[in-house]
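Below, chain A partners chain B and then partners chain C, in two separate complexes.
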Partner chain A sequence: MHIPEGYLSPSTCLTLGAAMLPVWYRATAAVKTGLEAARAPFLAMGAVFSFLIMMFNIPIPDGTTAHAAGGVLLAIVLGPWPAVIAVSVALLIQALFFGDGGVLAFGANAFNLAFIMPFAGYHTYRLLAGGSPPASRRRLIAAGLGAYVGLNLGALAAAIEFGLQPLLFTAADGTPLYCPYGLEVAIPAMLIPHLTLAGVAEATVTALALKYILKTSPDIVAAGDGR
Partner chain B sequence: MRRYWLIILAMILLTPLGLLADGTAWGEWGPEDLTEKLGFVPSGIEQAATWWRALFPDYGISGLGETAGYIVSALLGAAFAYLATVAYLKTLARPK
Partner chain C sequence: MTPLPTWLATGETGPLLTAERRWRRADYLTKTLADIQKIMAEDILQTGVAARPGFLQALEPRVKTVAAATLLIAVALAAGIPALAAFHCLLFLAALASGLGPKPYLIRTWLPALVFAGFAVLPAIFSWVTPGHPVLVVYDGADWHIGPFALPAQLAVTRQGLTAAAMVLLRAAASLGIVALLVKTTRWPALTKALQALGMPAVFVLVLELAYRYLFLFLLLLADYLLGRRSRLVGAEPALAKLEWVGGTLAGFLRLAGEYSKEIAAAMQARGFGGEARPAPAGRPGVREACLAVAVALIFVSLVGGKYLGQIGGL
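Presenting the complex of A and B:
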């Protein structure tokens, strides 16, 4: 769901980029005060993890591909604000060096994958995990479901951004200037692969990775999240 | 910490599995794919397509095969993401 260059109007890119500024600001403040020095190296590892997991494309039967993004696992382990930074770094590197996601669209992609996804997923996880003990089955299922919800809400946000383009921006003769597909095409096209294969992959990776981390080094998990 | 870096290394080596998925993600088509699908390229996409030249487009390295290029891209991307985050953390740690 990396929105390439030119699929969103410059005004859409600018709006979503502007929306991300206070998010990055707040995330930076949270990293500064809330991420203890001993856990800071895991922020860099989180950015690397997010970058890499997005390279594992999953084939979708309609001939397209999709992938997990790791944002909810990072939100659970490091906290949702540090996750904003880690996923944003991954997206920035992807856009600048690998042409995956537009450079102008970086704000939009960060909004979907580095903001909506970790926060939606994290709060779903907290709600479902309740006060369950660390590494309990309920907590791990909550993490998986949170990851599923987070990825799909991120995909939905991307679909809405894509789908609004032909409604808002057309040439005088009605030809679309940017993404040519409206909401009625973009929403199912984005959600079906993520509700089925990519969401399940994201949920599985998140639950298994959290289980492993809670077992081997629970001290890197944010306080209150199973430590 | 070390065990996690070993997992990251394993991920880097396994990234070519992501190449088994043939095709393009929805909404990530290049100009050629769009011409094929629509018969034209929306002008905004055409104009924007070339202003930024990524060094390693589609995680490929010129001169290397697809698989080797993908692994080297994973390694480079991992290094860049690591260094960028460390640089970000360094700027925060500076005395106010």
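Presenting the complex of A and C:
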């Protein structure tokens, strides 16, 4: 789901990067009001954890594997604002060092994976979990559904960004200048694998990871809850 | 004086770690281990290239970063295949002059470009996705129906489709090349300080530096953990057991990351850190940097200017 360079026009990248500026500002401000000196290593370790989640090849039902995104798990555990910074830093390291996702497209990737996914997933989780006890089945199902919703909304946002390119940026002879797939191709191409395979794997891993986190480190989740 | 231990006294060094490449389908443990191995190999290569003398290594990091950002924008705005192809030649020459080597450079630019951008854009060459002037007709006049679904009467490779796919591929490879040259020829602390000097928030830079520093420690721990799991596995593993293991591992690593963050914070505070990131010391650009600025301006005009000059000429 990392958008590579060349698929989005510079103006799309600029718009989405600009849309992320207030989010990053708010996330940084939210972090600054925390424990100050102790927060930087906390966020850095959050970014490392985010990177580790994305490293994992998750087995999916067709016999192959998919990479986890982990944005919703981070939002549940650390809180949505720290998750914005943690996922953004992990995405930046991936783009700069490993060519995974474009540098110009960093704002777009951060918008989809570090903003839409954690926030949508986190609020779905909070809504469905309600006031249920920490280790209850309802809370774990809520986390799984939150991850499913978050991942698919992130994928939908990426599909819309792709699909708008041929509508907005085409040469005089009809040649698409950036992503050539319109909304009618981009949306099903992105959503079908995410709704059927990747989303289910992400939901299962998020619910199972939260189950073990609540068993071994309930203090961490309690600290992140409601931030 | 106490003699040095044998492993420290030896001057011999082993061959650099290289990423293992295999084409057959591997399980999730092997794939994750291979990914970690690839990242480690990448870091070793980068440390080696950034430390050796070379054309791009000699440039001031802030100027180099601004130049890279300008070139990324130019590549994104470029609309001509010949100009982009010529720019690729320049990037290749810069990689050679900086000691990156042809094979590592091509693997880091064209391989991901083909895998991530090339395959995905391949269907766009056909008339079903990109209508236009047919260059190669695959079939014509067909009347194929599968239930309510009907295939179009003609399938052809179109000029517009080929151009669109080539543009996406060339842009993706050029962008990867620019970023690879910047990152491989600049030491990580110098790059983060350059980003800070160019306006990235200090908190963000601090988190970036810390994350990068500890990332490799955690990757080594994860690799050991994965290897341990793979070594102990006998027979087929049920699908849910795999996911259970991944979930449990993530929980364990979160606990570890949390404990590390407390220890790092305590260590930083003990050394006088009060929560504020220090501003980066400014370097002094010289003649080389001025030459780079002129070269970047010329490249920018060559890549982008033609499109607008054409528009002006058409008025």
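Heads up, the rule we're going with is that the second predicted complex is superposed on the first by the 200 of 227 C-alpha atoms of A that agree within 3 Å, B and C clash if a C-alpha of one lies under 4 Å from a C-alpha of the other, contacts with A are read in each partner's own complex, and residues count from 1 in each chain.
One rule holds in what follows: contacts are C-beta pairs under 8 Å (C-beta built on N, C-alpha and C of every residue); 3 or more make two chains touch, one makes a residue touch a chain.
Because the structure is a prediction, the values reported are computed rather than measured.
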| item | value |
| --- | --- |
| Overlay on chain A: chain C relative to chain B, clash or fit | clash |
| Partner chain(s) touched by A:Gly102 [first = chain B, second = chain C, both, neither] | both |
| Which superposed partner A:Val77 touches (first chain B, second chain C, both, neither) | second |
| Chain B versus chain C as contact partner of A:Lys215, first or second or both or neither | second |
| Contacts of A:Leu113 with chain B and chain C, given as first, second, both or neither | neither |
| Contacts of A:Phe169 with chain B and chain C, given as first, second, both or neither | first |
| Touched partner set for A:Leu140, first chain B, second chain C, both or neither | neither |
| First, second, both or neither for A:Thr204, with chain B first and chain C second | second |
| First (chain B), second (chain C), both or neither touched by A:Ile58 | both |
| First, second, both or neither for A:Ala158, with chain B first and chain C second | first |
| Chain C-contacting residues of chain A that also contact chain B | 2, 4-7, 9, 28, 31-32, 40-49, 51-53, 55-59, 63-65, 85, 89-90, 92-93, 95-100, 102-104, 171, 175-181, 216 |
| Interface residues, chain A side, partner chain B - complex | 1-7, 9, 28, 31-32, 40-53, 55-60, 63-67, 85-86, 89-90, 92-100, 102-104, 158, 162, 169, 171, 175-181, 186, 189-190, 193, 216 |
| Residues of chain C touching chain A in the complex | 25, 27-28, 31-32, 35-36, 39, 42-43, 46, 72-73, 75-77, 79, 108-109, 112-113, 116-117, 121, 124, 129-133, 159-161, 163-165, 167-172, 175-176, 179-180, 183, 191, 201, 203-204, 206-212, 214-215, 218-219, 222, 239, 242-244, 246-255, 257-258, 260-262, 264-265, 268-269, 273-275, 277 |
| Residues of chain B defined as touching chain A within the complex | 1, 3-5, 8, 11-12, 14-15, 17-29, 34, 38, 40, 42-49, 51-52, 54-59, 70, 73-74, 76-78, 80-82, 84-86, 88-89, 92 |
| Interface residues, chain A side, partner chain C - complex | 2, 4-7, 9-10, 13, 24, 28, 31-32, 36-49, 51-53, 55-59, 61, 63-65, 68, 70, 73, 77, 85, 88-90, 92-93, 95-100, 102-104, 171, 173-181, 185, 201, 204-205, 207-213, 215-217, 220 |
